[in-house]
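In order of appearance the chains are A, B, C and D, and numbering begins at 1 in each one.
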Amino acid sequence: MAEFIDLVLLAMLALTALRIIFLKDLFAVVMLFGIYSFLSALIFLNLDAVDVAFTEASVGAGISTVLMLVTLAITGRKEKQSTHSSLLPLFVVLVTGAALIYGTLDMPPFGHPDNPVHQHVAPRYIEESPKEVGLPNMVTSVLASYRGFDTLGETVVVFSAVIGVLSLLGVRRKKKKDLESGLESHRVLHVVAKIIIPLVILFALYVQFHGDFGPGGGFQAGVIAAAAFILYALILGLPKAFAVVGPRFLQWMAAAGVLLYASVGLYSMYMGGHFLDYNQLATDPVAGQHYGIIIIELGVGVTVFAVMLNIFYAFGSQAERSNVQ
Amino acid sequence: MDFLDIVSSILLLAGVFFGFSGAVGLFRFPDFFTRIHAASVTDSIAAILIIGALLLQTSFDLNTAKLVFILLFLMVTSPTASHALAKSARHGGLLTLAETRPQDKQGSAK
Amino acid sequence: MSFILDYYNYWVVVFLMMAGFYIVISANNLVKKIVGLNIFQTSVFMLYISMGKVSGGTAPIVVEGVTQYSNPLPHVLILTAIVVGVATTAVGLALIVRIKRAYGTVEENEFDNKDDVI
Amino acid sequence: MTDILAAACIAILVVMAIALVRAFKAPTVYDRVLGVNMFGTKTVLFIAASGFLMGRPDFLDIAIVYALINFIGMVAVLRFFEYTSPIE
C-alpha cells in the first residue's frame, strides 16, 4: 500500500512540475508551487521522514509561497515571451537527464535494508541514541546532539540570510499611513483570525517542546509561530503587527537565539568537555543531554521565528510601499 | 468487525462520497459561485464524516485530542476561506451566470 | 515490475531535477527562475529521503515492538537543508525586488539591454 | 477495517487528483485558488486517514500544520488580490 501511494504521489508531483514549465501566468506558477511543496511533504511523510515532512509543509509550502506572492505583488504577474529559442536548453536538459538516468542504474535498489547508506553510522544512531541521549525521536537526537555543530552552522546561515535580506530591503516603519493596509473589508476573517492565532501559537509551543518525543523541534516551531504573526500581519496590516513585535526587537531576538545556542557550547567547554558536549551539563550524562537539547532547540526556535518574521516584514513593507506609489 | 468498526466504515465511505461529489461539482457547475458552493459545503461535511470515523478508531488518548483539534480547525477555517474567496471574487468583478447572460429571465428581472 | 519499483523514485527525482534545471536556464522571468531553483532543490531532498527509506521500516521515532526503522541521518541533513533553502530563496527574492526597483523590470533580456545602454 | 481505510485513502487520492486537474487548468483565477484550497483540505484528511492505515497515527501534527498553512496561503492570496487586479 505504501508503495502504491508513493507511486501515485510521485506521478502527481512530476505532472505538477511539468505544468509549471509551460505556465506563463506567474500567479498560477506560485499556486502550483505551493501544491508542489505540499505534495513533496506528503511524499516525505510516506517515506517515513516525518520531521522532514513537517518542515517542508511549514517552511516550503507556507513561508516560500507567501514570500513569492509578495514578490509578485511588487514585480507583476505575467512572464513575457522569451526572445531566444528554447531548443538549446532543451537539448542540454535532455543530455544531462539521460546521463543521470544512466547513472541511477548503478544505484542500490530503493528501500533495500542492505544498501550502503544503512551500513555505517546509521545503525549506531538507531541502536544507541535512545540509550545515550535518552530521546525517542532519533532525528532530534542526531540533529541536536550528534550533529549539534552542524546545526549551529545552519542556524548561523539562517541568521546571515536575514542580514542579507535586511541589507537589501530594509524594514520601513510607517508613521502617517497607519490607516491603510490589512484586509479591511473582510470582517469574518478578522474575527476568525483572532480566534485561531492564540491556538496556533499554543501549537507552536507544543511542537517546540514535544519535538523530543514526536515530530517537531525548534525549526518547525519557529516557523509555525512566525506563521501566526504573518497571519496577523496579513489580515490586520503591517503597522498593527509592528506594534506587537517590532522589527528591531526581532533583530535582537535572532541574534539572541544564535548566542544562546553557542553559549551552551562554550559552557560545556567551561565545564571541561568539548564544544557542545552536553554530557557535562549535569552529573548524569543522559540528563545533561536533555538539558542541552532543550536549550539549543529553544535557541534554534527563537532564531528561526525572528528570522522568518523579519524577512516577511521586509518584503511586506516593500509591497506596501510599491502599492502606495 | 465490531460495532464501532462498522459505524466508522459507514462514516468513512459517506465522507469519501461527499468529497468525491464535491470534486465532480468543481467541474460540472456552470459558474464560479456555484462551483465554490459545491466545493465548500462538501469540504466541510467530508471533513466531519472522515475525522468522525477516525475518532472512533482511537482509544481516547492524545490522538483523539489532535483529531478534535483538526476538526475544529477545519470547521473554522474552511468555510471562512471559502466565504472570503467568494467575497473577493465578487469585489474583483466576477459575475454570476445570470448576470453574464442578460437575455435570461433571471438576468432581466434584476 | 520489481525493476521499475526499485528505480522509480530515482527516475522521478531525475525528471524533477531536469524540470527545475530547464526552468532555470530557459525562463525569462527571474521569479520563475527561483521557482525552478526550488523545484531542483526539492528533487535533491527527494533523492536523499528515498535513499533513507527502508522497506518495512517505520519512522525513526522509538515505539514499543518495532525493530526496523528508516535511516534517520538523511532526515537530519534534509531538515536543516529545507530551512536553509527557504532562507536563500528569501535572499534571492530580495535581490529580485531590488532589480525591479533599479531597472523597472524582472525580465532577463530587458534589463540586459538596459545595461548595454548605460 | 484496514481494507476500508485503504479504499478511503485511494478515494481521497482520486479526489486530490481531480482538484489538482482543476488547479492545472482553470477557467478563472479564482477557480485555480479554489482547486488549490480543496487540494489542501483533502490532503489533511489523507494524512489523517493514512496515519491510521499505516498503524502509526501519532503523526497527526503534520495534518494540523497542513490545515494551518492552507489557511495562511489562502489569506495571502486574498491579500495579493487586493494589490493586483486578478481579472485581466
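The definition used in the following text is that a contact is a pair of C-beta atoms (placed from the backbone, for glycine too) under 8 Å apart; a residue touches a chain by one contact, two chains touch by 3 or more.
This is a predicted model, so every value here is computed, not measured.
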item	value
Comparison of A-B and C-D by number of C-beta pairs in contact, larger one	A-B
Centroid spacing, where centroids are CA-atom means, of chain A and chain B in whole angstrom	30
Between chain C and chain B, distance of the C-alpha-averaged centres to the nearest whole Å	32
Inter-centroid spacing, chain D versus chain A (mean Cα positions, whole Å)	20
Junction residues of chain B - those touching two or more other chains	69, 73, 77, 80, 84, 88
For chain C, residues contacting two or more additional chains	58-59, 61, 63
Per-residue overlap in chain A, given as positions that touch at least 2 other chains	50, 72, 76, 183, 186, 189, 196, 214-215
Chain-chain contacts as defined at top	A-B, A-C, A-D, B-D, C-D
Partner chain D, residues of chain C touching it in the complex	58-59, 61, 63
Chain A to chain B touching residues, read off their complex	183, 185-186, 188-189, 192, 195-196, 199
Of all residues in chain C, those that touch chain A in their complex	5-12, 14-23, 25-32, 34-35, 38-39, 42, 45-46, 49-63, 68-76, 78-80, 82-91, 93-98, 100, 106-107, 109-110
In the complex with chain D, residue positions of chain A that touch it	1-2, 4-5, 8-9, 12, 15-16, 19, 27-28, 31-32, 34-35, 38, 41-42, 45-46, 50, 53-54, 57-58, 61-62, 65-66, 69-70, 72-73, 76-77, 183, 186, 189, 193, 196, 200, 203, 207, 214-216, 220, 224, 227, 230-231, 234-235, 319, 323
Of chain A, residues touching chain C in the complex	3, 6-7, 10-11, 13-14, 17-18, 20-21, 26, 29-30, 33, 36-37, 40, 43-44, 47-52, 55-56, 59-60, 63-64, 67-68, 71-72, 74-76, 79-84, 86, 89-90, 92-94, 96-97, 100-101, 104-105, 107, 109-113, 115, 117-118, 121-122, 125-126, 130, 136-139, 142-143, 147, 150-151, 154, 157-158, 161-162, 164-165, 168-169, 213-215, 219, 223, 304, 307-308, 311, 314-315, 318
